[in-house]
Each structure stands twice: as structure tokens, then as C-alpha cells.
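Both complexes below contain chain A, partnered by chain B and then by chain C.
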Partner chain A sequence: MSLIVAAFGFGLVSMSIIAISAVGFTMQFGITNMINLAYGQVMIASAYAAYAVNNAGVSIWLSLPVAAVFGAVFSFLLNRLVYAPFQRKGTNLIGMVIISLAVSLVIANVMLPIAGYYSVSYHQNPGPTYHLGSIALTGEQLAIIGVAVVVMLAIHALLRFTRLGKAMRATAANATLARNCGIPTARVIDLAWLITGALCGIAGAVAGMNSDSFSVASGSEFLIPIIAASILGGAGSPYGAMIGAVIIGEMTEISAAIISPEYKQVVAFAVLVLVMVLRPQGLLAKRGALAAAG
Partner chain B sequence: MLASHHRVGRGVGVLFAMLTIALAACGGTSTPGTTANTSPLLIGVIAPFTGADAALGPAYFAACLPAARAINNAGGVMGHMVSCQEFDTRGEPADAVPAAQQMIASHSNLMAVVGCTSDEAASVAPILDQAHIPMFCMTGQSEFNKTTFTYFHRLVPPDEFDAFAMVGSALDHFNYKKVALVFGNDIGSQAFVGPAMTALKNLGATVTINQAIALGQSSYRTEVTAMLATHPDVIFTEALGPTDATYLAEVKQLNNGVMLPFMGTSATIDPVWFGAVTGAVGVQTVVDKFTAVDLGVSFSGPGYDEFKTNLDAVASQFPDAPKYSQRGATLHLYDGIIQAALAMDETKSTDPTVYNPVIHDVGNGVAGATTVNTYAAGVAAIKSGQKVRWVGAGGLTNYNQYNNSQQGYILVRYDASGNEITIGTLTQAQTAAIITAGGG
Partner chain C sequence: MTYYLTTILVYAAVDILACLAISLQFGVSGIVNFSFIIFQAAGAYTAGVLSLPSDTENGGFQTYILGLHLSFPLPWIGATLVGALLAIPIGLVALRRLRSDYQAIAMLVLSVIASLVVTNTPAFLDGAAGLSLVPQPLSDKFNPYSEGYLWAYTAGALVLAVIVFFIAQRVINSPYGRSLRAMRENEMAANALGKNAVALKMTVFILGGAIAGLSGAILIGFITTWAPSTWLYPETLILFAAVIVGGRGNNFGAVLGALLVPVGFEEATRYLPPIGPPGLIPALEWVCIGGLILGFLWFRPRGVLPERRRVFAARRTAVAGGELHAGRD
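After this line comes the complex of A and B, so read on.
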């Protein structure tokens, strides 16, 4: 029993990282209608950007904004230089998915000669370990959870209480109508790529901190739970992605404790399949902030 | 919107299926080996260069480059210059098949192929054998112990022997009695688990826990907590990529900063693995707590010196190459390539159906054969009408009837610079005794 409680505690960290990344991923889809399979690779590229700064002697926490800026700029350029031209030519959604898959492979293979195939670790201090019953978390892990909470609140505030957030929701609901109503949808989409790219960068850095070691190849592994959480919560719904992250994060850890670590992803995906069968639109598709402007 | 998502989902599935079929259908068959005049020859390095096992490919590429340099500096194989090319399998059989087919279809001048790890050997070896291309594989799978593939060669023992050597070393050298098995859930790593469990049981030790961990996860804290609760004396492990680094860092963290002793397979004697794990747990922890079994290589002698000279010289092509000077696999694959080249020289043929059977003879030597340690010396001996036996970087070769060769093991640890230090030896006979006692 104590192992399950401990696993629940570790699940809090996992779900925090998944939540940051999945919210960014699902917002990209919701606002720009783009299933960006290069997201995991941008995460890792951002993690390496933070590593470069951290390796130069800067605290990993001060390197975190660097990862955010790198992720934002990288994602923005990716859209402007690659995705947007294809979308303007009328490439359909499936075509865009394949393009993003190709972009992911290109990023990974360009990174290999730059970053190397070596795994790297941040210079970091996990801090003291705090215990609550069987749950044991380091100061660094608690800080990661804190970052996730702050990011989620910020996204909530952005979508609910700002003009930009309302414009994003309007663009997500019907871009043509939004444009006809005077909303500068092109600028909104640019800002959406910057914001979700920043989330992607932050997620990459905290995932690197949590895993103690990462490599270029880690991008594809990180992407799997992100997609699972996004779909589980309802594609395009940030709040759904948050709930999806909680479920996927906890299910993977608790199943490792109860069944076998070999099946931790299998169990998470079994839950995903079950939800898809019972509620194909995902958990919150109709109530998500981006699904309807209400 | 939702309905369109469903259509998209089905569309993506169909598209992926079509892509898979198209990729599988790519390539074809060709008849390599008939090269004209002094046209260049190619050595294919087919291995994971990306994916979870991306660290393996560079070790094999580092074998090919010095071998090609040694051959080319001696004038090539009957005048044919030799080069190396990477073919990425991503460590996945599904990717390895099209990679192998493309390699064969695109290159009719393949003289040999090296690599083929456990990740892809089962799918790649039949293709190479059918195409009559001599291969030197690093797979540890037992199914190749008595293979019918006549073009298959393996200069390293099967993984199960590694497992027995680990068990023997742990019990005899360190007197460990309680062992936690932490291996990646990939094909290559899991090949150790069954034999290790059998041997530990038969030799009176206890397996406290057997964890097959999913590679590349961002955390293994739940798994580590479960493992620590079993209080093992030592952790046996092979989980490549960043996986071991993540797992072991969390062991240290969740065990109040104290690292448990951990023992690796020969695959963990690798600069990439060393870099990853020391980055996560610290160099001194690895120096103090880590041991491994490695292939029985002395890292000395004229054959090794020739290899080392060429390895250092190819740093201009592959800067990391010198780091592989003590990677057993690198040494052995270098030897395999030189053996293939000498077999071509002996038979005066670039036709694999002609020179492939002679690789065995060059490795083991025939009656009256002259021992050579450099390719140039081998060519000179052959030109003077002698048969040759290659004793190279990895020492003597002892091919059996299935072209499997092995030489026993050494027990090693790392120094702070990542160099291997031998702390014990297991001869082939001692290894065989452990295998027998362990139920192998």
C-alpha cells in the first residue's frame, strides 16, 4: 500500500510535466488546427538550449526562461517558415500531420551532429527531501509542481480574462467568422505559436530536470503521454488536457506499482482506449475554453 | 468539428498503414559482389543511430573507419578502396527491414556488413544471408548460437553467456547473494534476464526483483522505490540511452544519497553509457560502485596497437572515434572487416560466394598459416603464397561450425576518465563451468 501512495506522489510530478506540455500541444491544435508531431522534438531542443546555458554555469532555474524563449521562437519560426506556407496552399490536416512528422525527424537528425548522441544531465541540486507519509518529494520536484500550477493558472487567466484569450477562443471556434468580425486572426495565430512554444520550452526543461538525463531521442518518448493526455481530455481543450495529464500521469505511476513497470504505458493507453470507446470526443471537448467561445 | 476529427483519425491510420506497406515494399534484391576493376567497395554499418539504442551505432562505425583506413593504406583490397556507410535501423525491426533492403538495393558493392544488434538481427540477418553478404553481427540472441545462415559471423558471445559471467563474478568475486535485475524492455536487454535468473537460482542466490523497464521514460521513481524495498546487495543492469542514468540517479536520490553497487553487461562498457550515467550520478559514484563484465580482450599486442593507431587517425572523420579504444565490440568488428578483406585477397575474388567460406579460415587459421596482425602484413604474406591467420585487436578468433567465436570474459570497472580497468578474468573454460553449474 505504501508503494501505491509513494507512486501517487511521484505521479504528481509526472502529471505536472505532462500538463504543461499537453496544454501547449492541445492549444496549438485548438487555435491553429495543427497536430504538431514535432512538439516533442521542440521540447528536447529547448531542453538542450537550457542545458547550454546551465552548462555555462547558470542555475537551471534561471535557464528555464531561456528554454521558454527558445521554444517560443522555434515554434513561431516553424509555423511561419514551414507549416503556414503549406496551410496557405490548402494542405489538408492529414497532410499537415505528415509534414510535422517529417519536421520532427529533420529536427532530430539535425540535432544529432550538434548535440551528439550522448545523454546529458543538468547541473542541478534536487534539494532536501520532504516526506508526507509514504510520499517523498524533493524540493526541486515540489518546485516543478509549483511551476505547473502557476502555468495552468496563467493559461486560465489568459483564456478567460484577456482580449487575446477571447480572440484565441474566437479564432479556434471559427477563424473565418472571427476574421470577418475584425479579429486579426493571423496575429492571434502568431501569438498562439509563441505562447504554446513557450509552454513547450518550459515543459522540455522541467522534463529534463525530472529525468536527470535526456538525449535527442527522448523527444519521441516525451510526446507519447502528451498526445495521450490531449486526446483523453478532448482535442483542443486546455482544461481537458489538464485532466488528461492528471489521469495519464497518475495511471502510469500507480500501474508501475501495482502491475509491472513494463506495462505502465500500456495501462495508460488502455484507459485512453476505454475513454475513446465510451466518449469519443474526449472528456471535456464540449466544455473546453477553446472548443466554444462561451 | 468532432466528426471531422474522427475522419481525420481514420485517415491518419489508413495513411500510416499505406506508408508502412510502401516502406516495407521499398528496396529489393540484388546480387552484390561482382565489382568491376578497382571500383570502390562498401562496408555497411547497419545499426541503431537514432532511437533509444542510438549509442550502439557509433561504436560500430568506430570499428569500420580504422579498418577501412588500414585496408586503404595498404592499397585497398586488390586495389579496391574501401569506405564505410551508416544505415540507421532506429533499433526497430520494422525500420531495419527497409533499411537493409535499401542498403542492398542501392549498393551492389557491399563487401561486408557490420552491426546488426539484437534489436534488428532477427529481421536483417535473413535478408543479408539471402543477398550473400558476409555479416559480422553484435546480436547476443541465442537463436544465432547454431544458425543456418552461412554468411553470419559473430565474434562476441551470446548475451546469455554475459549473464552467466555476471552471475559468476557477482557470487565469486563479491559474494553478493541478493540481486535485483533491472533491464530495459527491449529485445537485446531482455536476453540477459532468463539466463541470469536461472543461474542465480541454481547457484544459490536470490533474485529480489526483476524489473523490465520501459526505455526513455522521464522517471522511474515508483520502480526504484519498489526495487529498494527488496534490499538487494547489487543491481544487475543494462538499459541503454538515458534510461540507466535516470534510473540510477533516482536510486541514489531515493536511497538517501547512497548508491547501491551495480553491475553492467559488456554493453555498458561504452563511452556514451559512461557519459550519461556519470552525468546523472557523478563520476566518483560510478568509479566506486560500478563493475561490469566485458569481452575477454587484453587491449595490448601488435594487433591492438595497429587498431589503436588507425582509430586515433580517423578522429578527423569521426571525432569521437578514439573514445572507443576499449569498446570490445569496436575491436571485434574491426577484426571481422579485416578478416573479410584478407579472405578476398586470399581468394582473389570480390564475389562473396567465393570469399565468405574463407573468412572462417582467416579467423581460425589453417595448418601452416602465418599469423598476421596488420592488414598490410596479411597482404604481403598472401602475395608470397602463404595462408594467413588474423590475430587482431581483439586477439585470437575461435570460430565454431556456426561462425560463432568467443574468448571468455574480464571483470572490469571504470576509472575517473572512463577507461576500463581489469579487476578479474574469466577464461572461456571458467565461463563454461559457470554456464554448466548455472543451468545453461
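After this line comes the complex of A and C, so read on.
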């Protein structure tokens, strides 16, 4: 029993990382109608960017903004240079999925010679371990949970209380109508890529901090729980992705304690299959891709 | 030299089979099967465990299920059947209700998961080490290392590729193929005309799975080993690159793509001087595959040999003026 409670604690950390990444992933899909399969590779590239700074002697917490900026700029350029031109050309949804997978392959293999073939880990100090019953988390893990809470509140405030957030929701619901109402959708989409890219970068760095080590190959492993959480919550819905992250994060960690850690991804996949069979639109049915919850 | 030539030709036959199957699924019917490689893997593993003796023999250095030690045509038939059977549950989950881009990512995730499961379950198909020492077909009657055997194997593989090519030709020129194209172009309209889109997708998915299974059996019979590292998900993307380059929906294009991309790339990089650190050239190869997909989708989305435009001959005189428009997309 205490094993499961301890796993629940690790689930809190896992869900935090999945939430940051899945909200970015699902917002890209909601606002730009683009399933960006290169997301995992941008995460890992950002994690390496933070590693480069961290390796030069900067604390990992100060490297985190570097990862965020790197992810933002990288995603922005990716859209401007590759995705947007193809979309303007009228490439269909399926074509865009193939393109993003090809991009992911290119990023991973350009990174390999630069970043190296071996796993790396951050120079970090996990801090003292705090206990609550059988839950034992390091200071660093608590900080990751804190980062996730702050990021989620920031996204909520952005979507709910700012003009930009309103414009994003309008663009997601109907881009043509939004443009006709005078919303500069091109600029909104640019900003959306910057913001989601920053989420992607932060997620990459905290995922790197929470795992013993990471390598270029980790990119596609990151993607599975992200896809599972996004689709579980209802693709395109940031609040759905948060709920999805909670469920996937806890289920994978608890199943790791009960069955075996090797099958974490398989559990995430099983949830994905169940959702696809029973409720393909996700838990929060899509009312305009980015409609506010409630 | 014999060994080199026969190896290229067997790989060519296997890649042609795979590209024909992908062209039927993706080019003709619009199904993006990102888990294609697991069908080939299922065929190869099936052929392997059907032709290997029980795993306690050979000193028991590998563990696997079955081990029936069947004689030649049975493992290949079994592989084809398993490829087709595997398509049924996957198709039922993925192809019924999901939007086409969801289908694609579901299958991509499936491909990653399948290789994780096989790697982490050594008792099933020997885990990461994979099957080895798989007996070649008819190796109890002939010497599998003789030149004659290698050439006969190659000829057999090529004959199967030609047969499947003619089957694929029949499919795309039949009313069934026409329904598939109608579904690809506009699924709702095809439904409205009484075409059962789910049944159409399922049949072509099963057909593609069977072809993939056969291609896996041909490959494992020749190279005698099969491990998870040979069927990671990017392998599917090479085949997609081949079909996009060759021309999707056109069987000649699929063959051309198979010869240019998987076969041509392997051969071209073989002769490169070993520059840079080890692993640089394979990484660059993958970059090129990705670049090839992006480049072709940008500059020539229909490929080198585009799908033939089909018009009704009888109406040609009646709508002579309209044909200018019919000729455009």
C-alpha cells in the first residue's frame, strides 16, 4: 500500500511535466490546426540547450529560461519556415502530419552529431527530501510541481482575462471569422507558436531534470504520454489536456509500481486506445477548440 | 559478388512489396498507416517462429513462442495470414470513427509501443536480441549457401513481387479501386452514394497487412535474423518517402520509389568514404530522407510518376470544352 502512495507522489511530478508539455501541444493543435509530431524533438533540443548553459556552470534553475526561449524561438521558426508555407499551399491535414514527422526525423538526426550519441544529465542538486506519509519528494521535484502550477495558472489567466487570450480562442474557434472581425490572426498565430514553444522548452528542461539522464532518442518517448493526455482531454482543449495529464501521470506511475516501470508507456497507450474506442472526442467535448472550461 | 547482387535484389523485392502495399493504403485510399513496419515485423516474426525448432533446442540461447519447425511454404503463408489478421483489430480501433490525422498519430504511437513491448518481453520473441539462426526455406533439402540457392531465392522473391504488382494493378483498375479513390477524394460523398467507407478501408488495410507480412517473411528467410532494432518507426517513414517520391496511387511509381529510396540510398551510402565520427553518415541519411519528403511535397507533391488521371472516354466529345477544367485539380 505504501508503495502505491509513494507512486502517487511520483505521479504528481509526472503529471506536472506532462501537463506543461501537453497544454503546449494541444494549443498548437487547437489554434493552428497542426498536429506537430516534432514536438518531442523540440523538447529534447531545448533540454540540450539548457544542458549547454548548465554545463558552462550556470545553475539549472537559471538554465530553465534559456530552454523556454530556445523552445519558443525554435517553434516560431519551425512554423514560419516550414509549416505555415505548406499550410498556405493548401496541404491537407494528413500531409501536414507527414511533414511534421519528417521534420521530427530531420531535427533528431541533425541533433545527433551535435549533441552526441550518449545520454547526458544535468549538474543539479536535488535538495533535501521531504516526507509526507509514504510520499517522499526531493526539493527539486516539489519545485517542478510548483513550476507546473504557475504555468497552468498563467495559461488560464492568458486565455481567460487577456485580449490576446480572447483572440486566440476566437482564432481557434473560426480563423476566417476572427480575421473578418479584425483580429490579426497571423500575429495571434505567431504569438501562439512562441507561447506554446516556451511551454515545450520548459517541459523539455524539467523532463530532463526529473529523469536520471536523457539523450536524443528520448524525444519520441516524451511524445507518447503527451499525445495520450491531449487526446484523453479532447485535442485542442488546454483544460482537457490538464485533466488528461493528471490521469495519465498518475496511472503511469501507479502502474509502474504495481506492474513494472517498463510498461509505463504501454499503460499510457492503453488509455489512448480506450479513449479512441469509447470517446474519440475526448473527455471535454470540443466546443470550439479552445473554449474556456465551465 | 553473387551474394552482393542477390542481397540487393531480395531487398528490392521486399521494398517493392512494401511500397505497393503503402501505395494501395496511402496513395489510393488515403489511409496513413504509420504502423506499417509492425505488419512487416509481424510477418517476419511469424515466419521465424514457424520455421525455427522449439526454443529448447539450439542450446536454448534464445526464447520464443511456438517454434513449430514447419517446412517451407507454411511459414510464409502463416506470415501473410498473420499480417492480414493483425490488420483487423488495429483497423477496427483506428479506422472506424477517427479523423484521418488522429488515425495517423494513433498508428504512430502503436508502432512505438509495439517495439517497446517486444523489447521488454524476452519470453515472447527473444526481446531486444531478436530471433537468429532462422532456417532458410527448404534448407534441409538444398545447401542455402550455394550460389544456385541464392539465385533461386532471389528469383522466387522477384516472382512474388511481380505477382503482387499485378494484383495491385487489378485492384486499382477495378470498380473496387474506383470506390477507394472516391473515398479518398471525398469520404462523405462516397458514403452518400452508398459506399461503405469503413468496409473499404478495412479491406484495403487487411490487403496491405497481408502484403507486408509476406514481405517480412521473404526478408527473414534471407537474412535469417530479426530484432526490434530493424523495425523502429522511422523505417515506415523511409517507405513513405519512397512512395511520395515515386508517385502515390501509381503502382509503377511505387516500384520506382522502392528502387530509388530504400535500395538506392543503401547502395549510394555504401560507397561514401567514412567521413566524420561513426554514426554521422546514418544520421545524414535520415536527414536526407526527411528532406526528400519535404522537398517532394513542396515541389512535386504527386511524385516522379504521378497517378494517371482517369476520365470517361465516352463523354470526351460531349464536354470538349469542359475538359480544360477537368484537366485541372
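Here, the second predicted complex is superposed on the first by the 285 of 294 C-alpha atoms of A that agree within 3 Å, B and C clash if a C-alpha of one lies under 4 Å from a C-alpha of the other, contacts with A are read in each partner's own complex, and residues count from 1 in each chain.
One rule holds in what follows: contacts are C-beta pairs under 8 Å (C-beta built on N, C-alpha and C of every residue); 3 or more make two chains touch, one makes a residue touch a chain.
Small disclaimer: the values here were computed from a predicted structure and weren't measured.
Student: After the alignment on chain A, I want to confirm one thing: do chain B and chain C clash, or do they fit together?
Tutor: Once both complexes are aligned on chain A, chain B and chain C clash.
Student: Once the shared chain is lined up, is A:Ser218 touching chain B (first), chain C (second), both, or neither of them?
Tutor: first
Student: Tell me which partner A:Leu112 touches in the superposition: chain B (first), chain C (second), both or neither.
Tutor: In the superposition, A:Leu112 contacts both chain B and chain C.
Student: Does the superposition put A:Thr162 against chain B (first), chain C (second), both, or neither?
Tutor: Touch status of A:Thr162: no partner.
Student: Check whether A:Asn125 is in contact with chain B, with chain C, with both or with neither, and answer first, second, both or neither.
Tutor: A:Asn125 sits against neither chain B nor chain C.
Student: Quick one: is A:Ile94 in contact with chain B, with chain C, with both, or with neither? Answer first, second, both or neither.
Tutor: After superposition on chain A, A:Ile94 lies in contact with both partners, chain B and chain C.
Student: Going by the contact rule set out at the top, does A:Phe269 touch chain B (first), chain C (second), both, or neither?
Tutor: So A:Phe269 only meets chain C here.
Student: Who does A:Ala6 touch here: chain B (first), chain C (second), both, or neither?
Tutor: In the superposition, A:Ala6 contacts chain B only.
Student: Tell me which partner A:Val277 touches in the superposition: chain B (first), chain C (second), both or neither.
Tutor: second
Student: Considering only the touch criterion stated at the top, classify A:Ser59 as touching first (chain B), second (chain C), both, or neither.
Tutor: Touch status of A:Ser59: no partner.
Student: With chain A superposed, which of the segments 78-86, 222-230 or 294-302 in chain C collides sterically with chain B?
Tutor: After superposing on chain A, the clashing stretch of chain C is 222-230.
Student: After overlaying the two complexes on chain A, where does the chain B footprint on chain A coincide with the chain C footprint?
Tutor: 93-94, 97-98, 108-109, 112, 117, 220-221, 235, 260, 262, 265, 280
Student: Please output the residues of chain A touching chain B within their complex, sorted ascending.
Tutor: Result: residues 3, 6-7, 10, 13-14, 17, 93-94, 97-98, 108-109, 112, 116-121, 126, 129, 136, 138, 207, 210-218, 220-222, 235, 253-254, 256-257, 260-262, 264-265, 280-281, 285, 291 of chain A touch chain B.
Student: Report the residues of chain A in contact with chain C in the complex, numbered from low to high.
Tutor: Of all residues in chain A, those touching chain C are 35, 37, 82, 85-86, 89, 91, 93-99, 101-106, 108-110, 112-113, 117, 220-221, 223-224, 227-228, 231, 235, 260, 262-263, 265-266, 269, 272-273, 276-277, 280.
Student: Spell out the part of chain B that touches chain A in their complex, as residue ranges.
Tutor: Touching chain A: residues 1-2, 4-6, 8, 11-12, 15, 49-52, 54-55, 57-58, 185, 211-223, 225-226, 229, 241-242, 245-246, 249-250, 253-254, 256, 272, 275-277, 279-280, 320 of chain B.
Student: In their complex, what parts of chain C are in touch with chain A?
Tutor: Against chain A, chain C makes touches at 30, 32, 34, 93-94, 97-102, 104-106, 108-110, 112-113, 116-117, 120, 233-234, 237, 240-241, 244, 276-277, 279-280, 283-284, 286-287, 289-291, 293-294, 297-298, 301.
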